[in-house]
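Just dropping this structure here.
As written, the chains take the letters A, B, C, D, E and F, and residue 1 is the first residue of each chain.
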Amino acid sequence: MRPSQRQPDQLRPVRITRNYTKHAEGAVLIECGDTRVICTASVLDKVPPHVKASGGGWLTAEYGMLPRSTGTRTDREAARGKQSGRTQEIQRLIGRALRAVVDLAKLGERTVHVDCDVIQADGGTRTASITGAFVAVHDAVSWLIARGLIAESPIRDFVAAVSVGIYQGVPVLDLDYAEDSNCDTDMNVVMTGSGGFVEVQGTAEGSPFTRGEMNALLDLAEKGIRELIAAQKAALKG
Amino acid sequence: MRPSQRQPDQLRPVRITRNYTKHAEGAVLIECGDTRVICTASVLDKVPPHVKASGGGWLTAEYGMLPRSTGTRTDREAARGKQSGRTQEIQRLIGRALRAVVDLAKLGERTVHVDCDVIQADGGTRTASITGAFVAVHDAVSWLIARGLIAESPIRDFVAAVSVGIYQGVPVLDLDYAEDSNCDTDMNVVMTGSGGFVEVQGTAEGSPFTRGEMNALLDLAEKGIRELIAAQKAALKG
Amino acid sequence: MRPSQRQPDQLRPVRITRNYTKHAEGAVLIECGDTRVICTASVLDKVPPHVKASGGGWLTAEYGMLPRSTGTRTDREAARGKQSGRTQEIQRLIGRALRAVVDLAKLGERTVHVDCDVIQADGGTRTASITGAFVAVHDAVSWLIARGLIAESPIRDFVAAVSVGIYQGVPVLDLDYAEDSNCDTDMNVVMTGSGGFVEVQGTAEGSPFTRGEMNALLDLAEKGIRELIAAQKAALKG
Amino acid sequence: MRPSQRQPDQLRPVRITRNYTKHAEGAVLIECGDTRVICTASVLDKVPPHVKASGGGWLTAEYGMLPRSTGTRTDREAARGKQSGRTQEIQRLIGRALRAVVDLAKLGERTVHVDCDVIQADGGTRTASITGAFVAVHDAVSWLIARGLIAESPIRDFVAAVSVGIYQGVPVLDLDYAEDSNCDTDMNVVMTGSGGFVEVQGTAEGSPFTRGEMNALLDLAEKGIRELIAAQKAALKG
Amino acid sequence: MRPSQRQPDQLRPVRITRNYTKHAEGAVLIECGDTRVICTASVLDKVPPHVKASGGGWLTAEYGMLPRSTGTRTDREAARGKQSGRTQEIQRLIGRALRAVVDLAKLGERTVHVDCDVIQADGGTRTASITGAFVAVHDAVSWLIARGLIAESPIRDFVAAVSVGIYQGVPVLDLDYAEDSNCDTDMNVVMTGSGGFVEVQGTAEGSPFTRGEMNALLDLAEKGIRELIAAQKAALKG
Amino acid sequence: MRPSQRQPDQLRPVRITRNYTKHAEGAVLIECGDTRVICTASVLDKVPPHVKASGGGWLTAEYGMLPRSTGTRTDREAARGKQSGRTQEIQRLIGRALRAVVDLAKLGERTVHVDCDVIQADGGTRTASITGAFVAVHDAVSWLIARGLIAESPIRDFVAAVSVGIYQGVPVLDLDYAEDSNCDTDMNVVMTGSGGFVEVQGTAEGSPFTRGEMNALLDLAEKGIRELIAAQKAALKG
């Protein structure tokens, strides 16, 4: 039934490559099927003004797509002179998701600046960004600990994200582009390793969805995120 | 327990004033407690390029806050030269919520341009905007029908929105600013008159939330939205 | 002769509502006929760099129109990414007019930030903004005095503004939109309570105007401003 | 009494050089004392959208200052990415002043685009711009007539401008920078060759001005503008 | 002597991977040592206005760096709202270099839009971009021919680029970052397969360079570009 | 053969006028044939952040063209809201060229801000800007020495620039617009008084150029720059 022949509750193959580039403190390539995102975590010795007084640190995220990461070329945001509403929405989401599992007070007066850049898009770029960025942040934190810059990890739990949706009447896990552009309901879910919800963003693209459908989608998301967190753990061991 | 002395499942008083200004085809002032938003719906005889080919119409929304609608003055976005990520996120949400109940094909080659401007903010401005804007759109549609410009209403159902959250451990309905700025979880819910979900956006501000908490919040939201839709109906009869 | 049936030297009904919103130190709704402007005065504990050295304070003003305050929808300046030349001209005028009657040295190192937002436009929005903003500034100053933050009022005199013009060959007071868009000469006059001129801005829209016409217009403006200042005084007593 | 030793009613020396640069249809250098402005009038075969329907033409103006035309360097507006409010105010004034004496219907579907660029500033740059630009527009119109592109001149009258002000209590004509930055009242006056007023913009910089002072200033302006128009006529004969 | 232990006339290892991403008509990853750039060529069915009249096509290029492609994080240009002067200079250079070997008339009314995005920077990103982009353009042209959209290849010759410079007094080929940031003279050379110069851009960073040094640098560049073009040919065969 | 009847190795007449305007510390009008550029050098008592730590000074340049300095009107960059890529490329070149002969450490914590504004364009505006700006910087340095603000001149050598190109198959010196817009190869060369190269920027507009052509062009450039430096010396004596 699914264009990709997957089962309704089947994730796309996930691949997480650490140290994908050499400069960043954390540098991860995450591949979820054909969606590929470079996630870097940079440690900066400064914090934004609104954090200054707290004495603690900050974590922020930016997101972008290479112009031809998409099926037809998307205008370069740097050339247009502004980030789209969609881009801002996504980068705010990534930042909130990661901050939910990081104890900023333990970072010291530093910012972990996450950049998620989509090299190839095939649906689910924002959720892949969150899942990959968590590993990059983890590596940046290890870098801080290895240098003795912080004593204790500020990371409280794992966090990962996945999209779920209702495609041709059936709740499915991990939408690819073919599904995403034709589904009735699209929901992005962010969860922690201990199973708590950090974000649930469901949108009816076609007809409204019912409480029952919502429950089915959340069940799928929980399953998918468990598997994604397993993949993160495997990558961090590797 | 609540700063406003309300019951956990109690909405703030809602007041919807139609024809609040004289120029717009639909012009509503909605007041939810101390939150006051002017919602206008303007009928424009043009559609954006991506709609042109469809032959149908479009509905879009913009959102703004008067600089001193807030406790401390917020910079004027027109003076800063751009809309914040928050503003763009909200106006995209309002547009999606209203389009979910409007059959754009029946609008003809027209745009209904919704403007939601917050005169006074006390929490819940985005949900108040949706609830008020629906009434403004309804009035604009009546204006089109009265002039014989369209034969049939493109409005398929009512739509309204409310925020819910977990404040001091208790799920509560319709957060005001005092609650919103101190809650653990904040969820905005958009539903139709027939009880379908259009948007669910839940965010853990502090610790993650459980499936059980989510269910409690959705129950509150359903109750609140039923009451808000009743208020819309009363206003449209009045 | 006038579309509104008014006498040539007759103002539109003026209504000044104080404390129109709850957050600002001064918050006024001024209505001049169908023109309605929310004027707030915010007290900020900072001054712009060019004032820093003086030790005194500053007063500045911003102006905006809600997109559908006008007969046809005007683009939202925040969405377009810049303020129009007209907006900047108006907000500079409002700022100069108010500074003419405020002794900035007596404000201390503070800025009174005035915002004039037009809710409904029917001609004369810039002059209504000045007249209403004066009352908002007065309330903000009273707020400062009441809290013991300044000892003495920096307000030296009242200030108000009105438009005058030549409509169908006749000098008339307080142009509404129907007159404004068809008049030959349009003049905005700002005067103090003691009858001094702060600004005179006359523009020939059609044929040039004579010295005699100018004198007739100034006579009307003096009469109108006397009445507007009386309305300000009544509002401040009320 | 005046820093320049001039009489109160004495203009600075005026010099108008036509064909100052070789590309523009009209290209004038105007020097009013040490203020020097290059004024060009370019004939473009297009009109802005709002004029399209009229079948006639348009005249618009832009204004700029070279960064070091001023005593201390002013930021380059192109580098800052926007024109200041002052710049926009001035270029709108120049455009209105010139349109007041040009019958746009007789231009055909063309725009006369005026550019006024200040090479050296010593007060009165906006009024010098208007006086010089009129001569440039006159030359551009002659160019159109010489090529048989229009049959009849659309220019109805001469137009020129001057500043007047109250300096150390005395009304004076044609303020230079030393006076302008220390005067109580500053007024820019635009008049036609037949003595009609096109613009009067008076501002009290210090204390408000009286009706009597205004009359004295207008008398000075009338005298000055008569002399400036004589200089325009002499230049156009030369 | 060189930080990388290379001979003065030795290129870094070059690797060119075609079909690196799946959406673009040409999609190449070029690696010159640690410098890695994704070069895509997108075929668009439109041309910019200034090309419209020619009946032929256009080729344009854009360039960007991922924020953490560099040793310390560089601000994201999309977030800052504009491209730097450096970026614009580079993308103009890439476009000119490629257009020098493409007969635009043979493209038909199409644009080949090249995007060069630096994934990891270690010196020579602009020259690597040109060398890689040529292969991407070649693939896009093959795509056009394969679909019968054009009959004949518009590509007249190969083109590649390399940097040369004087490092510690010695002319060297293909500067990496360690050399580039400490060299006296830096020169970027673009040449065709037949050995003609397309661009020579030499800059003395420290002391001026002599004619003799220039000749030595050009000799190195000729050698390097011959090898790079051999690598392009090998990749296109592969 | 040349449109201007000049010999292939003949410069256009050069005229350098110092003290062209009165405010700047260095203010030069340079005329190369019909190309006229105002070059000012302003001394500012501040340095950009990246220079702060060095204790030394900085020199930067900005470039602009009056809208009608060109044959057809060019849009005003200040009105469009950004500088073109060409403008940025030119102003970066001017800055680099001048910094090559100035010992910034000897400037003290000051910036010399150069502005080159083209009054009339006829080819070679960027090279004329460099040649003229050097004289303006020299005057600004003399101003600093005369006031005792620096003890010793930071100027190490003269610097000037010229364009050369291949026009109808013949290498020619100092291209004017008629040649520049029809030449095969265009090269801008910046050299010091002692004959070292600071910048060489050659571009094949049509077919690629050979090593032999490059040598012929560099010979012409050396001759031209010797003459331009002689003109600078004469001007500085005058």
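Brief remarks follow.
The rule is short, and it goes like this: a contact is a pair of C-beta atoms (placed from the backbone, for glycine too) under 8 Å apart; a residue touches a chain by one contact, two chains touch by 3 or more.
The chain lineup, named per UniProt: A, B, C, D, E, F = Ribonuclease PH.
The structure presented is a predicted model; accordingly, all values stated were derived computationally and were not measured.
Least step count on the touch graph, chain D to chain E: 2. As a whole-number value, the distance joining the C-alpha centres of chain B and chain F reads 59 Å. Taking each chain's centre as the mean of its C-alpha atoms, chain B lies 33 Å from chain C.
For this pair, chain A with chain B, the centres built from the Cα atoms lie 28 Å apart.
Multi-chain contact residues, meaning those touching two or more other chains, occur in chain E at positions 81-82.
Remark: ring traversal beginning at chain A, heading first to chain E, gives the chain order A, E, F, D, C, B.
Residue ranges on chain E touching chain A, taken from their complex, read 21-24, 27, 34, 36, 38, 40, 42, 44, 62, 64, 66-71, 73, 76-79, 81-83, 87, 113, 115, 117, 119-121.
Of all the residues in chain D, the ones that touch chain C in their complex are 82, 85-86, 88-89, 91-92, 96, 100, 187, 191-192, 194, 196-204, 207-211, 214, 218.
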